[in-house]
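Two complexes, one shared chain (chain A), two partners (chain B, chain C).
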Partner chain A sequence: MAAPSTSKAEKAYIQASLQASPPLRADGRTLLDFRTILLETGVAPLANGSARLNIGKATQEGGGGTEVLAATKLEVEDVETGDGVDGGRLVCSVTCSPSAYPHMSSIALDELQYDLTTILNQTLSHPSLHPKNLSILPGKKSWLLSLDLVVLADAGNVFDALFMAARAALWDTKVPRTRAIQYQTRRSGYASKNTDAMEVEGESNITSGFDTRDMARAAADFELPDYWDEGEVLDGRDRWPVCVTLNLLPPVHFLDATLPEEASTTIKLLLAFSFPSNTQSSLQAMRLTGSGEVVLAQMKLLMADGERYAREVFHALELKLRDEDIRRNVKARDKFTVR
Partner chain B sequence: MISFASFPVSLQNETQDLTRHHPNVEDDIDMDEGFEEGIHRLTSPGEPLTSSQAFMRGHGTYIDREEVISSVAGTIERVNKLISVRAVRSKYNPEVGDLVVGRIMEVQPRRWKVDANSRQDAVLMLSSVNLPGGVQRRKLESDELQMRTFFEEGDLLVAEVQAFFADGAMSLHTRSLRYGKLRNGQLLTVPSALIRRLKSHFLSLPCGVDLILGLNGYIWVSKHVKQSEQEGEEAFDAEAVYSNKNDDIDDATRLAISRVSNIIRVLAAHFIPLTDTLLLDAYEWAVEQEGDVKDLLQADIGDAMIATITARD
Partner chain C sequence: MSSRVEILNDGGYRSDGRRQYELRDVNIDLSQQGTADGCCTISHGLTQVLVTVFGPREAKMRSQTLHDRAVINVEMSVLPFSTGERRRRARADRRILELAATIKSTFEPVVQTTLYPRSQIDIFVQVLQQDGGLLHACINATTLALISAGIPMSDFVCAVSGGVHATSPLLDLTMLEENDLPHMTVAVMPRTSKVTLVALETRLHVDRFAEIFSLAGEAGQALHREMRRAVRGRTGRLVGVMETGMKQPIGGEPLERDVVMDDRMDF
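After this line comes the complex of A and B, so read on.
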């Protein structure tokens, strides 16, 4: 049994504060306030895309807050041998550092990791979100995009943090440019001229050419052209969803719960929304965890509210990600001038 | 409602360039000065303190090339020929008589295991709690069977360090009416180095908030309970002492509790030791600002508060 983290009196205090009017939380936030979120992209130099995210870190202090590290890595897969899927695929995995959950047994930690992995993998590898540029040679080779997330510390609201970090890392991902090449014998050329001697000459003239002129027809392999940047951005970077966790404590619900708050609410509603354009939105995933029940009529209201919160989170995150892109371009340019 | 920020930029690279030397380059450290007993000098990991021939190494140090070298950042302490370094950030080092706030982790035969932010779980024996029906009486078998009615897993309590076991774990007691189960408030955690030993660790602020500063870095912020209601040696009421129910708390008190909690968070983030006068100054300042409670956690407002209250001393 995992060690308890809150006493009954604490739970009652938190519940009563949340249900008071006006509602008040331990750190003075209103129900819909998030803690400050810190985000940095490009933290892992060897990854194709990476991000570090922290929710609720104290301003001056070294520690505190929910900290998640996300990184993507591209791998070449052979479609013909059955390893890969034509068009590429995305695989997510979530690891929880034991130091984030010091009181948990290793079995419980494995279960938690499995749960988090399932939710992320099912949501992000859904066909509706599939990036189009993960194919290298149609029917032959494709990219496997592995997205790995590590929960370094948990101070509540780990689902939102994971989805935001995943979105940031995928946004940051660059797919290397590839050029298809073909190994060609001269046989076809001779064959047209000299049909009688084909068998003899064909055998003797097999020299593997390195010819890219006719690559569209029967490309056999690919090369990575040397180019000034790391590649083109992963397709569909605007589509990756964000998640909001609605912690339900009827009649109210609140966002971005801390650990004691999570312990004193029984039901959590996870909603992952994607906003492909400014006007439309699509619900990509939904989970109701915990004990207790919600009636359908209330669920509809909650989903409408959730969409509004998610849109806010989405726009704030996108703004920050664009900022990060600019910041890193400037940094790269500075580094270049120094050299 | 939601805001993103960047991670603070660390100045690591610059400072490293300034102070890093080849290990063979000897700094001109006057080896035998600065070790007077009672005077604390700060040190950082890897700093040679003294020769290992003249001194013995204590906690927080190691010996390399006949030198005693600090392995943690903290203050140097010397007792005769023993040099040790007390780390700035470490787990709580208990001493007998300390007031601590702890959380029950496990109920075991005739004892509770208590998390008190120390290296090992503390132990609270059934014989060192106040039992219902009389202040001092022998524990019975029936008490053993209903230990969870006194404290169960997750409960918070305030207690005093009574003694140490052979393995260094501390033994607690709650044999005073001021000690016992905690209700009507919320817990805060700060580095244990920030709690000084004070005359009293039960503070009562005029805004209707009681504070219990546990020396282990756990702070209980709760609604004020009148002294007269707290005590009453004869009418020891087990129902009230071991209750899990909160009293009615009005919104103003809840707000004050949140505000005090945020002030302590900001002070802890700036690594300022807590005193009652400092807390009062900060609370007055926060009320004067007429801002929201959550504003205190913003970096600039927190910095402004620290600047004002530290300037007053």
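After this line comes the complex of A and C, so read on.
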């Protein structure tokens, strides 16, 4: 993942300037500053929820920065015969565009993709984060929520970008409303509250080959009622975690590393925190990657720091997502009425 | 009355409100993507393709180079959420390999590969959304990406798809039309009116072929104007920025600047 060629001297130079006091970074940020993050939701019209995120795009047309595209798609799965799970399931996959890693061979790219997928999937499909409204018919049908992330360009700090994009896409996801259909005999006269009973009218003494009223069945299928919006939001919107990557260069650590900085730090600590609105924050994932060692006593401090940074990222992201919601719904509606 | 969508109604309109020979909205974005040498995002209606070009550069594998010209390497990937139904396609999918090979053979005669012996030009195609006309979107995007990478080519390559409904030819088909009609993709070089690609996967009556073929040639010219305008717009902007950067500081020494090349393009 490192820049294709960073010489020893260059690495030493970057390390020394990061450890200097005051610390210096090539783009003038302090150790805990992030680059500019750009986010847009609803970018893929064929997906149920989508987001495009860019960290560190140059202000002019210049481009650059880490760019991630995330989208969710819902599919119906059969629990009895297919490989569905009662209550639905979430599957993540990460694809890396070869243009993001132009110096990598396709085998190395596959490995990287696999690594990223594992981390995302293990964190996001954990039962503690599972959304409650992915079930259609209990024991029969459920939604498969597949979250696909694509790294279009990598300019460092790809993990934070992936988690943020994943959170934005999941936040944007709308689950279509479903209504259970039940075929029932006339005599039983029972209809549960939220199932739509389809009763066949007619005389009961007529026996016809087409009369299937005696075949009593429970909710057999579902339909998609027509409604003005695309469905209800995915449950547990506020639980999806955000990740901060602490790049450790004892005695300091810094956030949002660029590619040369990533190449010159040996050890990275990934911390994914979730901040549910009613309860305390929880640590959803932690990874220590790279070679090197960390003093155990320092870990605790790093985690406390990480939580603080993650909370800031979380709040900023939450604000932006709400803003996007308003932009796409309220403002679009206003624009429409003006026309 | 069937519930099927009418491909071409009595008023001469298609399902998306276009006339027979009307092309969809073309949107060209040539802004920089990551570390690529050239890139282009093009959208024909709802079909959207991103192409990035790297090179000419040293090949990853030495054994694949040729001693007298550059090798063009095309890799294509389709995003899993680009279609209505989610489908994961491996990079070695037959269909994708075929499309990539088609793109490669389209550009081999146009790119002046003999200028860069023992090197490689990488073309990475990402399909972001598809709604018919995938191949022609890929080819148009690749042309623009190669141009923005500054790779010498003998001409633009402008591709467009055409089909026939009953006896009336249509241009730039959507997914819905593509599923029902015989269709083909034609790539033309507008300056010389040469054709570098004709791809026909369905059966088409011989009498209709010539008609669509000449229509596609004309549509290629129209696309060429659009593409040239995008390239000129971007180049003009870059030159403008360069000039403001080169402005002579007040009272200082005049900066040495590049020799202005003859920027007149006679197409």
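Points worth noting:
Here is the rule we use: the second predicted complex is superposed on the first by the 288 of 339 C-alpha atoms of A that agree within 3 Å, B and C clash if a C-alpha of one lies under 4 Å from a C-alpha of the other, contacts with A are read in each partner's own complex, and residues count from 1 in each chain.
The working rule: contacts are C-beta pairs under 8 Å (C-beta built on N, C-alpha and C of every residue); 3 or more make two chains touch, one makes a residue touch a chain.
Note that the structure is a prediction, hence the values are computed from the model and not measured.
Aligning the shared chain A places chain B and chain C in steric conflict.
Once chain A of one complex is fitted onto chain A of the other, the partner contacts of A:Ser281 are absent, as it touches neither chain B nor chain C.
Looking at the shared chain after the overlay, A:Lys320 reaches chain B, while chain C stays out of its contact range. Shared-chain residue A:Val150: touches chain C; no touch with chain B. When the two structures are aligned on the shared chain, A:Pro98 is found in touch with chain C, with no touch to chain B.
Within the superposed three-chain model, A:Ala47 lies in touch with chain C and out of touch with chain B [touch as defined at top].
Of the two partner chains placed around the shared chain by superposition, chain C is the only one that A:Glu75 touches, whereas chain B remains out of contact.
By the document's definition of touching, of the two partners only chain C reaches A:Ser106; chain B does not.
Looking at the superposed arrangement, the partner reaching more residues of chain A, out of chain B and chain C, is B.
Looking at the shared chain after the overlay, A:Ser125 reaches neither chain B nor chain C.
When the shared chain is aligned, chain B comes close enough to touch A:Leu39, but chain C does not. Chain A residues 58, 60-61 lie at the interface with chain B in one structure and with chain C in the other. Note for the complex: chain C touches chain A at residues 31-36, 39, 46, 50, 52, 54, 60, 75, 77, 79-84, 86, 88, 91, 122, 124, 126, 128-129, 237, 241. For chain A in complex with chain C, the residues that touch the partner chain are 44-47, 50, 58, 60-65, 67, 69, 71-73, 75, 93, 95, 97-100, 102-103, 105-106, 146, 148, 150, 152-155.
On chain A, the positions that touch chain B within their shared complex are 3-10, 12-14, 16-17, 20, 22, 24-30, 32-34, 36-40, 52, 54, 58-61, 260, 312-313, 316-317, 319-320, 324, 327. Put simply, chain B touches chain A in their complex at residues 1-7, 103, 105-106, 115, 153-156, 181-187, 244-246, 249, 251, 254-255, 258-259, 261-262, 265, 268-271, 292-299, 302.
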